[in-house]
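Two complexes follow with chain A in common, the first pairing it with chain B and the second with chain C.
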Partner chain A sequence: MVKAKTIIKNAPKIKPKVAFYGITGCAGCLLSVLFNEDEILDLIELIDLKAFPFIKEVNVEEKYDYVFIEGLVASKEDLEEVKRLRENATFVVSLGACACTGCIPAYRNFTLKENYEHLLYKKVEDLEDVQPTPVDMHIKVDHYIPGCPPNKKEILTFIRSVLRGKIPIPYSSPVCVECRQNGNECLLDVGKPCLGPITAGGCNSVCINGGLECWGCRGPSKDMNLELMIKILREKGFDDKFIQDRMRTFAGLKLPMLDEVIKHTKEKVGAKNE
Partner chain B sequence: MVYRIKRDELNIFLEGFARKNQLVAPLKGKLAKFELVKEEQVKDIYLEKNTYFPAKEFFFKKNETVFTFKDNKIQEPKLETPKRIFFGLRRCDLNAVKHQDKVFMEQIKDPYYMAARENSYLLGFHCWEAPSKYCFCGTLNLADYYDLMFYDKKDYFLVEVGSDKGKELIKEFKTLFEDIDITITKEEKKIKGADRLLKDDIKGLYDHPDWQKGVNQCLSCAACTNLCPTCYCFELHDETKTSNIQEGKRVRNWSSCQVLDFSRVAGEHVFRQKREERFKHRIYHQLEYFKERYGVNMCVGCGRCIQGCPTRIDFVQIINEMK
Partner chain C sequence: MSKESHNLVNKENNDNANKEITLNHITKIEGHAKLDLSIKEGKITKCELSSVEGSRYFEGLVLGRQYFEAHEITSRICGICSSAHVIAAISAIEDALGYTPSKQTTELRKLLTIGERIRSHSTHLYFLALPDYLGYESALAMAPKYKSELKRALALVKAGNNIVRILSGRDLHPVSATVGGWLKLPTQEDLEQLKTELLNVKEEAVKTCELFFTLKCPDIETEGEWFSLKDHNEYALFGGEFCSSKSCFKRTDYKDFIKEYHEPRSTANFVVKSDHRYFVGALARFNNNHAQLSSDAKKLLEQSGIKLPSKNPFHNNIMQAIEIVHCIDHAIKICQELKIKNEPVDKVPLKAGRGVGCLEVPRGTLWHEYILDDKGVITYANIITPTAQNLLNMQEDIKTLVPAILNSKTKEDIVMDVEKLIRSYDPCFSCSAHFLEVNWEEK
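And then the complex of A and B:
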């Protein structure tokens, strides 16, 4: 039996025009929106879904109130797309790690071209390559929903909040806060290179709950003690190359000071040993 | 009043509770913590060391629905907690409950806390010696605060009654307990090797440069406050439903003074912006501000904040070394 159209109580009279767009990325973050299976039909009643090319055939290109952008800028086409979206949107949300921090595709910025050149698409003639960079390096972003993938609930929370006239405040405390509340063993204590202490939480420490150390997908926490984190990892026996690589995997472009801090703390250690 | 129970009969006593009511006691696991113990798990109760996690979450919950709302109406939740027997609480844990009782039951009557607390029985377990190298309860004048206190005497346990509730339990299981005519002296109640903290008066030391030793080692990860049996700060959030954005619940979660968001107010002002201020705030609340308000140190000297700290910041040592 097909359920009749759900009647949503207190749905806003003027529904906000919303669009979900993906640029270069795996589209996993757009899937996160859809993984809210139980609530997705209710959601569509709350908003005026103007565009969602990932699942929708007809997409209206006009002015939007809220635009969610998934993926990072990696081609000229992407760049034009984000500029167009910015011009047409009142409020832009970076959805997922690629859009927020650059994520794994942006790791290319930290290696030589000869290391990846052979992997670039050659067949597509008109694909113009740009340095892979998060959305906010090209346009103004009003809100971030980070994570690889983002927490599906966070997406809905954002939409419900704006409908009630509130913009949710991003979770800026480190992953450790939720991790300890979840009763986990500290993975640093067992010698794993966990980046929880310098990574913004809000993920309910999902990786650590499952036994995997934090790789920092939600980007740096607001007041991380990067210097100390590097020191701890060194003491656990990880070398600087490893530390640098690990920290750059998800949020390299948001840690422009990393080289400097590694160098600076090394000098300090050196001075101590003399 | 002091009773005696044979070592092998203790489990019979505890199994009796696990069968009829809820028994909460330490289980070892990866990290020892207080858990609901089933009858067949009574033999696994872990008493060698104190637990890594405190029993706090059973009273002051990590995640508590304060009320639900729908349109303009508020519905308070039904608060019912079954009779619960806590066994294996150390003197520090018991005093931690005492201090949280002060906060949530004396001036402000917090219905959620009270509901969880009302129907619970506190059965302590005495440490003859400090169970962990991080312990420092000796300096903090811990009080007697329990329904029953168990003293391990190898072949048997001495059981000291601390309240009417405790008396009631003994009565219920009177065949297991033998009334003996002794008293446990103050000297016996002292825990050996727990006098690490040399001074608990830190009033004049706020601007001491030595705090920096701790601050430099601090990640502001809030392990200390989350593992603390006395820390009681919380924050409130509204969670709404997608099917009706005017319907949902207000939830109370643990919060921590160690993070920036804790002291952020409207207009994005953060009162304790510096890590140093946040670091010192916790210690001053534990050893100074709480005392000014309630007359006792909030800190009970369990050392969990040091044991659980990723860098093992030992604020006791920092204070001791201050001149």
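And then the complex of A and C:
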């Protein structure tokens, strides 16, 4: 969960102008806002909702205090959209994994071109593919609400913090901290390729609670030990292709050092064996 | 009152003979789509509906990945129907491996997709479709006058979400469903709790039907055929063949009768059946399978006054409303009858093969197909979503609708009706929406 620190002593009396926009994505993060079923109607009254095209016909283009962006940049139109939103916003919030890390669509950067070349059904006249990338590779992002999907209560906490004049600070410990608190069996111990040790928490270890190993959707944790993670996964019998594929599925672009570390640790293992 | 019932004299009628409408960004749908419409001398000369969603190439992303990873990846095609993609992928992989899941696993998968359908239909009906009919720009704008309706919507959304979350760990992108079974089973008490919640919320679903019965919609007929699964045992979810009123096809042979083709302007494929357009979704399911609805859903269908089979695409919303009641009844039945046994996930032996997963999901029939090599690596994937199958029919229906209202309505109302028509299909352009920004260009 997001913690918050006070930056303004007196909360603003004017309702903040807020917009929710989606670029290329699955609409799941925007739905996660709406799926706060018990709170959404009250929450809407506390903000000045200027735009939310997913559920609104009238979307006002003007200066916003907060713009939440769902999705990643995957077309020229997306790129123009995020630039426009940046110009209009005091604060830009990347909402969800696509906006924060590029999520699964950005995994394409690490797959073979022949895997999707035949799917290039979109030689669309006015739409050009751009390299699938998270929002912060194109514009300055002020806040991140990571996760695929983000925890819906986390979105709520974020907005409430803002309303109280506080600025939310991201959760910095790895998924393992909450996972242990939740009393789960360690999935690495039972041979599953869990990326909890190197992944930013704040999700309440929702996947592991449900029996699924962590795939790293919230991106790398601060101070992660990538080398040790790779070593453990190799010991569990996973080959380097599998390890790389897994680590890159949700956050490949946030792990630019991965090739280097894989190579380096391999050399180390080689030297030890000689 | 709906806007249909007004009888205003349109001062701009004469201008309607020549129009160019570009709906660059269709709002209140999942994903991004646009519509180009030109009218010359009262005739449509151009009508192109396109997905303008950035491409994500999911079928390419799963290549080279392990058989147990496909559903985690393809779940991200769509937030609102992620469970559908998860179960379709798992079913296809299991089919390729020649594995049949246990009855408990199948029932839980059904319950998961039913929960998803309740929340998907409720979200669509109240937040995307209803504002058009009541003359509001959004459901949120309806709040001052229609608070109880919105609370009802959210109660239904919550009931559906609770099913999904209790069975699979969270509201979207479920975590507990996997190849060979269930990573974490719900308890008997969980099912008991769901049953109580569903019984409590059923009245809200009935009221939803009654509300949608009062809305007036244009009287048009689509030329497309309808298709859905048809299962002798129940109102089809996972089982049976792909049928219209005239013919049935075996699901494994789907490529023989469904063809995909690309329009250079659209990022979603168009799909035809034997070179003819068709439609899928709640209306198609009702046309085929209404005799298998729950008794309360049947009563509501009678109350609606709609005679089936219907080919009016606007009726899809009404069928969705009644389907919520049926889904609640079916979910209650599963919660009541299922006795949870501790079944660990089966280790499925690997073999090379091809598999097809086909199921009824909120917007229609969903297809996943994979080919695996003998090490369980995915070497081929093909996914056909309901919206892709509906896209051509949606576009052609616009051509039917517009001439019928061209002379009697203002341009604003024509656009509104076109948007209503598109939304009645509940399209998902993520799978393939967001908003119709309308540019009239008069010639």
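Everything that follows uses one rule, which is that the second predicted complex is superposed on the first by the 259 of 274 C-alpha atoms of A that agree within 3 Å, B and C clash if a C-alpha of one lies under 4 Å from a C-alpha of the other, contacts with A are read in each partner's own complex, and residues count from 1 in each chain.
The definition used in the following text is that contacts are C-beta pairs under 8 Å (C-beta built on N, C-alpha and C of every residue); 3 or more make two chains touch, one makes a residue touch a chain.
Since we're looking at a predicted model, the values are computed, not measured.
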Problem set entry | Clash-or-fit label for the pair chain B, chain C on chain A | fit
For this session: Using the touch definition from the top, say if A:R160 reaches chain B (first), chain C (second), both or neither.
Result: first
Problem set entry | Larger contact residue set on chain A - chain B or chain C | C
For this session: Report for A:E185: first if it touches chain B alone, second if chain C alone, otherwise both or neither.
Result: first
Exercise. A:L43 contacts which: chain B (first), chain C (second), both, neither?
Worked result: first
For this session: Could you look at A:C176 and tell me whether it touches chain B, chain C, both or neither (first, second, both, neither)?
Result: first
Exercise. Could you state the shortest Cα distance, in Å, between chain B and chain C after the structures are superposed?
Worked result: 13
Exercise. Which parts of chain A are in contact with chain B and also with chain C?
Worked result: none
For this session: Mind listing the chain A positions that touch chain B in their complex?
Result: 6, 8-11, 36, 39, 42-43, 46, 156-157, 160, 163-164, 169, 171-174, 176-177, 180-181, 183, 185-186, 188-189, 196-198, 222-225, 228-229, 232
For this session: In the complex, go through chain A and note every residue touching chain C.
Result: 22-32, 34-35, 37-38, 40-41, 44, 49, 52-59, 71-75, 77-78, 103-105, 107-108, 111-112, 115-125, 127, 129, 132, 148-149, 152, 206-207, 209-212, 215, 242, 245, 249
Exercise. Taking the complex as given, what residues does chain C use to touch chain A?
Worked result: 25, 27-28, 30-32, 50, 52-61, 63-66, 69, 72-73, 76-80, 82, 119, 123, 127-128, 131, 137-141, 143, 147, 150-151, 154-155, 157-158, 161, 168-176, 178, 182-184, 262, 264-267, 269, 428, 430, 433-436
For this session: Give every residue of chain B touching chain A within the complex, in rising order.
Result: 30-31, 33, 53, 62, 71, 216-223, 226-227, 239-247, 253-254, 256, 259-261, 275, 308, 310-311
